[in-house]
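All chains are identified by letter, namely A, B, C, D, E, F, G and H, in their written order; residue positions are counted from 1 within each chain.
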């Protein structure tokens, strides 16, 4: 860094708690995600991370890429491990530390769902972030229940591509009636950080569903990560909203909604889809966005 | 039994090369074994792979410590990693490089035969990979066939047709060309 | 001497000087990821408006928030996000010479 | 203070005396009353702990792992299916070197469902790296629970302990238990203050990807910790005896010195065996009993030195490793390798089948009459 | 038809040849390519089966249990943490007497995370009642998978089989595999037609509450089934050899007849050991190797008869039962009880540490120089 | 049965597939439930039952109380076991047999949730019935996440009675967007049976949340089981509704809604509650019923 | 000979005649639960309107759907639901004499 | 060591009785053990419970096969289950019944002393249970104390105060009354 360069106004906190040198692939959405999360929450944070890409990204023994304590957990146990951490902190009288469970979609939608459901039902004082890259990436791109309709993965080969909508984890967790649930997208880090900071200020269980593309698994250029992430929201495929004490609020209402095809065609994993499938996916996106609007109408601030 | 060790960098296809060579030998009726060094592969990091070829059943299941043949896909590895460790006396070293065999100094190994071939150029010529990252793993197998006589070039070509999913013809041609060009 | 800070590689003699469990204390910043790069992003000062969008989106992070931003080529993996996201086309891509 | 308590209450009061910070447990017959009484104890404020009422045993142990890593002393209890469901995390706990103490009520595994005594559940965890103790009576349950914390937390050990008691035969059986005054417990077992923990001031990542270059040595260190435990356990036993007057060993011999027929066993069967030994002695048979308390680390040397002079030795297992034989029998044979004492393997009491004094006498009868055999099923209806 | 396949593909093609009706599996490194290729095989219609893409290994085995009970032949594959997560159901499968076949890729358990070869995962299942086989090469993986169905489904056995292969050393290593024509497989392995299954015409409740009056006898029957397996396995091996020309045993001896230094081991290390034996023989050392294929039922008699004439015997374990010693070593000692051959226990290759010919030669060096020891760690950095 | 007695018109199917002699307590709601279920589905049914009271009610080896094949499963594995059964039936070409997973609230809301979520996400062809007695009864009345606010159990002793709403399992499963979800109540067997029959006719995953009081655990007379069950619905504590392909329908709209206190005061497990707690519970019941009405308004047939 | 039908108690000699696993084939109707009863419901024909509500709600079931309904006292556990639910007070409770 | 076996029916409180007796003996400084026969208890079904009392530590942990004392809470069990199996010679049998000791025929057991007391009436008199189901488990302990001399009636009363959650006084009075009334 040359001395003469001058500082500028930034839209994100400047502190970097995550260090470079980590093992994420080029253009990894999940690595951006952790950078933002630690900016938002700072060093008084303890991480609980199950098996997932991040279990590797953090680095091999004896190194780590996050400047905070991190507990690796069994694949299915992120939320339960975090429950233990947060209760220990409570029992030991340490009330200024944030417990952050950080898991992939596989560890959240599938094998870790029960521990998560139990933890939020007990309203454990923690933030749970699922970084959603829509498949098991750490083991080489196998289908998860977050894999969207139409996608190729190694266990849903082109001839048998994934049929059916991805599990709606937000609705599932919202159904637990916890203090705070939100979606976020690495393309909008300011929003993500604001939500984390809000979550930090609330006692009890907080859940954030974060959209984080994976260039390797989605088969797009590593430079396109942010662009594709943004397209997911601009096409209403992944709407940005929050549910605070049961009150719905769509945080980003897209004015000129783009066709889903634009999002799909940018990725190799959807390459094999015929036109009528694209139409079908468009209709499903419309339908579920409508559903969300209805929920906001029924349970929004003005309802 | 002949033991061959491949050295390359993540992304260059050293593992695939070891597989294609094994398959080629299998096509000639040999017993074979091929496997990578088992790590968390990262782009650009050094990668090792192994092939064993034998007339009899292959029982051994450890890494290759004392290879008969070394195949070096990336000349920048020379000096960076201890490539020639354990190379058998009179072993063979096949290098992808524009340089000549004489230009290499493998003192410390007992009487190696060094062979070189410019696989990067051959690969590019056949449209395999990009300038920055030519795909040399098939091309070099022609040279290996020639230098070692372990397998015929036709078997290499046939194996490529089986094991390589795209641009099969081009890859086979590249192998044939390196077979022809080998210096050593 | 914790993972908060950059540090030298940690080498153990053997079991005796290792911790009892796999407890990592060193920083991954020992791991220079420059070698992963096949393209090199170059910031062109004349075009740069210091909007800091490249800094914002760099996944490593390998960009310092100076004006104009500075790229840390020890770590830049060459993903190209900064190039793609710069609204002013102020970053171009160069092939890595290696 | 002496009280009449069931084995389950003795376990719960042991954990209470250890002033655990976090409890996470899930109910299962016949462990249930541990969870229930602990709920009461915490609700009444007698124990200042967080009780995490998890949704499964898997999460119970995961929560303990999280809590213990964060510097809390933790406790959990389970049985049978619950223990089995924890298996992945049982390995995990040990390799993470977390000195968690868990009570297991030995119960048979299904199917068919069985709620009765059987040691298959815990013996199946023998390869996980936990220390394992088998208790004979309720006092031992209480004392062992306390000592387990001290032993597990020893800086040279850092290994979890599984304290086992037989379903119903201890869990639901009332006996007199002498409970230790809290200040004396506190002196014996100081506050938990681990060197390695989740600490924002000295942040570490625990459990990172570990290459073959290091994994092998971590395994070696765990092995060394077990070796160290073999030294430290007797020290803690001695300190306990000095403080509180009750003596324990890794094994306990009963009339072994001049015994010709020696029966090796564990858990409640050991108590019954000692009574049987008295009866046989009365009849002129020189019987003796060796109770194995610590199954991990396995006290091979001790076992060998006690057994080697017997004329015949029988090992009674309340489990069988199918396709082989009883596990205590196997390990006793292994410990005795090179000796020539004939060894007999008895299977008894699986799935709660009662093991009476007569059953035990019948074993010595068989040892007198037959050649050594690996598998003699006591009381089986063929 | 001969093909060059990885061990994982050999396993998947073995299951395909067995025409399984239902597959339920969950990905985990280094098993993943089994799941992937089976997805392809099913997608391509080469195998007419339902593939249940479950949400965890626990559900994978539960689904297999349900499917097998309903009369389907089923298959699953896993590794390490996944196997551990199944533990409760591993017990369950055996006690339900369901002849499920599962492939396990032997991988180390965390923490720290390790994806490399280590047999702790499967050896930890030794008390569950499953049969267990350890494979040395890819042909053996394929053949064993096929034979496992035949053996498991035998009416006198009805026990599940775990087929093990070492992470990477087999799972990701390509070798020549001779695949059998489907019609010949079909003749060898007929359609699954169990007597006991969920059947609306003869409704039974499976797994009901079972009192001590019956539980003990069910356990005894399982034990008897393992005993029967020791007879039937060699028969199936013989039939396989007759049909397809490849010979297998519960153990396999290599140059044991006149061997003075005998090394006992399993998995890929066995192959390397045989090459090491040749090398040592060339140097004039009378070495031999005994490969144990079946760990359950444990072929005690066979092991004993082969080993008893050696001058010294070493057992190489790619696992350690912490607080004790290597499990194969323990069980070998138990099998040898009463003999006097000095026995050495070696630990090697944990967490993927490579075991080379030199390592193996170093063991014989140690056996020549030292007194018997239970735990010699090969290549440990202390 | 005397010969002269004559047959009458019945509102339920007459066939009895469940036999008497079973081991349920006197007045057990769960035993009534099974009787109805087997009336509805008949003998071409295979049951998957995890650890729960019904694992014991069916009887010890070598006996059983249900005239259909039954597979006991591990506590957490009812839905996964049923997945195996239904796939085996499919694979073996048996398409006229219904797979019925039958679990308690503990085995559904807690330890079995993940297997259930996975099975319905895969849209397995089965009916899953949770008979909800609001605690772990088989092990002697411990709290589950279905235990309602205010209730005593052995792990939520009177001094620490259960705080917080019971998990809303219906919303959670509805969030999986499966073909059919419904609530039912043993007090209304005709409705329950109709729903089971409808479920049987639909391909894919069907879920029924059945209210089934437990006299032993709730501390009411065994004769009051039906009465208390009915009160739960008459007070809107347990509304009867269904969600078919996302369309909400409240099947029973109570005209004269009774005060919740009437329901609570009939049970010993709520005896310790002070008046203000009753009021709080009433307000929560009102709130969640309102929520349901809004859902029906937004996503009902007429929406 | 399956659990569909009433049958005699099943007694095994031992392991040899038991099935390999815990597979229940007998009917629980061997288990006469009359002894659990401390009160006995009595249907009064004169009051009964044969509405069959008692039949509908009996948990055992221990009521036959005749007109009027008949109680099977071999199995009736005396829960009293029929008494409570009969809309016509046609069932009364008697103490069991035992 | 004295071994006592209780027989009753599910719901009568035989298990509690064994506990209270053990506690009473403990209050007098004895070592004790009490436990039920471990089954899935069902109302009305026969239930067994056990108490051991000893001056020394009690090590044995199996069921009681050869009791010194039998306590029968429900006379309808006589004949229905093999109650007296294993009873020691000169053993004691205490029965809750209106009948006289002489009316019972325990041939097959060696010289038993039989004691009877109408605990059902005593219980009802003190408001314990209902006509259909009188709660007799505390009442009978008075008789046990008297017949065996194992523990004093005051210890029984004290133990009841500890172990019985409701109507403690009434239960203690019932025990005292049966102590007074015992026939045998």
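We take it that contacts are C-beta pairs under 8 Å (C-beta built on N, C-alpha and C of every residue); 3 or more make two chains touch, one makes a residue touch a chain.
Everything numeric in this text was worked out from a predicted model, so none of it was measured.
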Least step count from subunit A to subunit H, where 1 means the two chains touch: 2
Chain hops separating subunit D from subunit A, counting only touching neighbours: 1
Inter-chain pair with the most contacting C-beta pairs: D-E
Greatest separation from subunit B - chain, by CA centre: H
Inter-centroid spacing, subunit F versus subunit C (mean Cα positions, whole Å): 56
Separation of mean Cα positions, subunit E and subunit C [Å, integer]: 46
Separation of subunit E from subunit G, taking each centre as the mean of its C-alpha atoms, in whole Å: 51
Whole-Å separation of chain centres (CA-atom averages), subunit B against subunit G: 80
Touching two or more other chains - residue numbers and ranges from subunit H: 40, 42-43
Set of subunit E residues in contact with two or more other chains: 53, 55-56, 81, 85, 88, 92, 95-96, 110-113, 116, 203-211, 214, 217-218, 220, 352, 354, 380-382
Numbers and ranges of subunit A residues touching at least 2 other chains: 23, 26, 43, 55-56, 58-64, 66-67, 72, 74, 76, 110-111, 113-114, 117-118, 121, 145
Residues on subunit D engaged by subunit C in the complex (per definition of touch): 95-97, 158, 196, 202-208, 210, 214, 217-218, 220-221, 224-225
Partner subunit A, residues of subunit E touching it in the complex: 26-29, 32, 35-36, 39-40, 42-44, 53, 55-56, 81, 85, 110-113
Complex contact set, residues of subunit G against subunit H: 35-39, 95-96, 98
Residue ranges of subunit H touching subunit G (in the complex, touch as defined): 42-45, 76, 131-133
Subunit A partner contacts - residues on subunit F that touch it in the complex: 76, 110-111, 113-114, 117-118, 121, 123, 145, 164-165, 167-168, 171-172, 174-177, 246, 291, 294-295, 297-299, 303
